[in-house]
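Chains here go by letter, A, B and C, matching the order in which they are written, and residues are numbered from 1 within each.
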Amino acid sequence: MENEKAEQIKSIIPSYTPMRELPEDLSLAEAKEMFYSICQIREFELKVRDLWRANKIRGMCHAYYYGEAIAVGACHALEKGDYITSTHRGHGHALARGASPGRMFAELFGKAEGYNKGKGGSMHIADVKSGILGATGIVGSGIAPAAGAALSAKLQKNGKVSLSFFGDGACNQGPFSETLNMAAAWNLPVIFLCEYNQWAIGTDYWRVTKEHDAYKRAEGFGMPGIQIDGFNVFEVYKAVRDAAARARAGEGPTLIEARYMRMLGHHVGDDQNYRDEKDLERISVLYDIEPVTRTREFLESAGVPKEELEDIQKRAAAEIQEAIAYADTQCHEPSLETLYEDIYADGEIII
Amino acid sequence: MPKYLVLPKIGMNMEEGVIDEWLIKPGDKVEKEQIVLRAETDKAVQDIFATDGGIVYKLLVHPGDTVPCQEKIAILLEEGEEYTEETADQNKASAEPKPGPGTADVPERKPGGKAAGQERKKGKVRISPLAKKMAEDLGIPIEELSPEEEGKRIVKADVLRYEPPVPRESSVFVPFTPRRKAIARHMLDSVNHKPRVTLVTTVDCENLIAFREKLKKQTRVSYNEIIVKACAAALRVYPHMNCITQEGGFCIKEDINIGVAVDTPDGLLVPVLKKADQKGIFELAGEFGSLTEKARNGQLSAEDMSGGTFSVSNVGMFGIESFDPIINSPECLILGVGCMKETAAVVEHEICVRTCMQISLSFDHTVFDGAAAAKLLKAIKDLLDDPVMMLA
Amino acid sequence: MSIKTVREALNEAFAEEMERDAGVFIMGCDDGVKGNPFGVTMGLADRFGLERVIDTPISEPGFTGMGVGAAATGMRPVVEIMFCDWVTLAMDQIVNMAAKMRYMFGGNVEMPLVIRVPIGAGGGQAAQHSQSLEAWFNHVPGLKIVAPYTPADCKGLLKAAIRDNNPVMFFENKRTYAVKGEVPDGEDYLVEIGKAAVSREGQDVTLVTYSSMVKTCLQAAEKLEKEGISCEVIDLRTLLPLDYDTVVASIEKTGRVIVVHEACKRGGMGSDIVAEINERAFDLLDAPPLRVGALNIPIPYNAVLESAVLPDVSDVINAVHKSLSND
């Protein structure tokens, strides 16, 4: 029975790796922190969906639920001061990088206290001070800037690493290839982390891409490529940790393909009419290995008391509730006078 | 080749004419010299003859138009000839060069594109924003601005050269009609070339009044005819004074033709009573009556008004006592007649009331001297003091 | 003050700024070892190393995006698109990233990025190596645009662009690299972005222009002077922000204005400038503002055809006559 399930899972996530033990350089306390972070993102995104449905959030919201292991694993492996570039599905990246949920909700509510002063919204939430060089709504457009940040680091010799989150859809954008080539040619300290969720908006990646294994492209550019279990926070952690070490050692970029699955719609309002019942039935097995369930199971098996884990989940939920209350009751609409602010540097206004 | 009728100059001073009435229409055959048109000239409404012959194709001017002499007034064709634009006007055809073949369109880079400047709405004032703003600021009505060249936009420079009209009272400018122009020219000519002296005397009208009362019983006679007769009779006595000036001298005339100024709606006209010395007062009265009638209806012919050797101008009916009339050039004498009026007079050392009238004779001092004129006026006065003497 | 070509002036600007600020680096095709196809970066790699004068692969979207990332992380990159025509490839990074990031991220991203874009036709390079596409970027809030002509302005504005904390599109005309002129010496020489220059004073008509057409307009003004027509020539130098104060001050004097550029007339800078003039200075106009630009035709290869497409002195003269005709 267990084997049968594992086979089913592997047909979707070939790199499926059970969570058996802590990575050697992680403590249990760190693992619990990571679990908190996963729960925080999950809770955040579920509330985002509710609030979007309640018309409290404008525009499109691409929720990060079920991808938590990638953001949390990757960001845990990076140093403070390292750079990341995020995507339209970027709430998880920001939270994993330590952003305040309150200021994130403030941004989603379009408030002046939001990270982007109410001018970015869901697709662009970024705490730039934490090293996020922005979240971009154009698929693949953060890849080259991440390499540019790596070029900076190299020229400045500051030992920083840059990581670009992007999806499988972005692998088919031209700048992906251009940037991987240049990063490899110049040994840039950059990690290309492909969050492979199988769906390019409403099109199955496999329908439009002959070679399903994105990591194999790395070889063509002369860099290591690796495929990992994107639902496994420790696997992500290890892969990024190793890639960052290589980068810092001046050995150049790595392409990591973190396979997971977009369990729900492209955005919170997507009815997925392009996805048939059979497919949804097929992927239902993945709920057994999704990050919250699985990390919790691992921690339980590692001896963390059930109550403590429940407490972690409750704390995460409470933090999100507080964050919403803060954004809702203590934040302010930006004034119209801010309209022209920040188009140009140093307070310059060009009408 | 089409031919044209032009407006001929039919009087010495004629420069233009106002078309009154066409006597021909397109399709008519006209002979050269045939009367085809009536036009008001400096003298009167006159018959205008055809300057060429042919079939009338088109009339180019219309009643009311003011047409300079020698201007084309109608197009004539030969019998059977077709009118075409090509044959219409050689001058015009040669003056406007046609674009030659082979001037291919070069790529268009005209600012504003091809359509600019074409199909402009008529009547709409075209003014630049700057000119408009300046005009508004300066309080200049835009209607009073005009471009330097017709059809162009009114621009700043046009505002700068604008001169406000001289402040004026309510007034209406009336351009001279050809008639008025003729009168003006005539008067100026007289004043400039005929230094005049006016002699004044008084007629005792008691006998004149009685004389006319008698004649009136027979037929309608006015004082004018009696005065004309008196003047003619006086001239008979001094025939050398019956003259008109000519270049370098004057010409003594056999016929005593006396013009009488008549006021008409179109201005002063002077029909002439020909050979007045040879006509009786009744005959003169009849003739003068019909001339006056014609004058008031604008029907006087040039003939009716030509050939005068002496003029009479009577303003007595307006209560005017005396004036010095301007000589009706090329004549040399004119008698001005004032009103009859009861006056305190001295007769045989007694002051009594008599009806009197002043008459004044203006003469051309280039031709006569005062004594001659005085004698003539005295003769006229004597005849009017006692009109019966005219029969003598 | 010394006489230099535009090429030398740009090279000197680079050298001075790279000397002054270690964050300044150049990236583009053939900029390093070769020293740029037009010789603009000649010698810089020898002096500053290939690490700072980077030879890129032919990957405009990629290396422009890298410039964006480097600018956001403390560097002052100068990215070169070898021919303006290819800026199309890099549009996403310029328009959606460089121009927008500061605003989109609440003012928290710096973007001191210069993108050098050589423009201009006239050399028989046909439709994909000749365009002047500067007007496209005028439509994008968040960018600055400079398009200098004289060697002095090229130097002073490139230095100012490098020091500016905003993304600056730097349009230099390929045909003007050999233009000579006096260039002030000294590292501190800068030309302020956003200030036009009056290249020639006049009374009757204002010619508003930039880049290679400055020369064309000055030549036209020279000829028109013999007819008794006095033209004021304004070299905009910066297109965004555009110095409308100088433009309007000139129109106040002349009442007539013609915008002249090498780019296609339709949708060119002239269209926007004329619209802005109408809004700002309608009551100063004594004639409709006119535009002179290239015909709305792809640049053809054949020399006769090419010159028929590009605006020249006679086109400017014709426009001046039209403006003065009051038609």
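Just so it is clear, a contact is a pair of C-beta atoms (placed from the backbone, for glycine too) under 8 Å apart; a residue touches a chain by one contact, two chains touch by 3 or more.
Given the structure is predicted, the values throughout are model-derived calculations rather than measurements.
Asker: So, comparing each chain's Cα centre against the centre of all protein Cα atoms, which one is closest?
Answerer: Ranked by how close its C-alpha centre lies to the overall one, first comes C.
Asker: Which two chains have the greatest number of C-beta pairs in contact?
Answerer: A-C
Asker: In terms of CA centroid distance, which chain is the most far removed from chain B?
Answerer: Farthest from chain B by mean C-alpha position: A.
Asker: Centroid from C-alpha atoms only, then distance chain B to chain C, rounded to Å. What do you get?
Answerer: Chain B and chain C have C-alpha centres separated by 77 Å.
Asker: Roughly how many whole angstrom separate the Cα centroids of chain A and chain B?
Answerer: 107
Asker: How big is the gap, in whole Å, between where the Cα atoms of chain A centre and where those of chain C centre?
Answerer: Here the centre of chain C sits 41 Å away from the centre of chain A.
Asker: Going by the contact rule already set, what residues in chain C reach two or more other chains?
Answerer: none
Asker: Could you please specify the touching residues of chain C with respect to chain B in the complex?
Answerer: The touching residues are 255, 258, 282-288, 290-292, 295, 308-309, 311, 315, 318-319, 322-323, 325-327.
Asker: In their shared complex, at which residues does chain C touch chain A?
Answerer: Going by the criterion above, the answer is residues 25, 51-52, 56-57, 59, 61-75, 77, 92-93, 96-97, 101-112, 141-142, 144, 164-166, 240-241.
Asker: Going by the contact rule set out above, which residues of chain A touch chain C in the complex?
Answerer: 83, 85, 114-120, 124, 126, 128-129, 133-134, 136, 138, 141, 143-153, 155-156, 162, 174-175, 178-179, 181-182, 185, 341-346, 348, 350
Asker: For a test of understanding, state which residues of chain B touch chain C in their complex under the given definition.
Answerer: Of all residues in chain B, those touching chain C are 106-112, 116-117, 128-133, 147-149, 152-153, 155-156.
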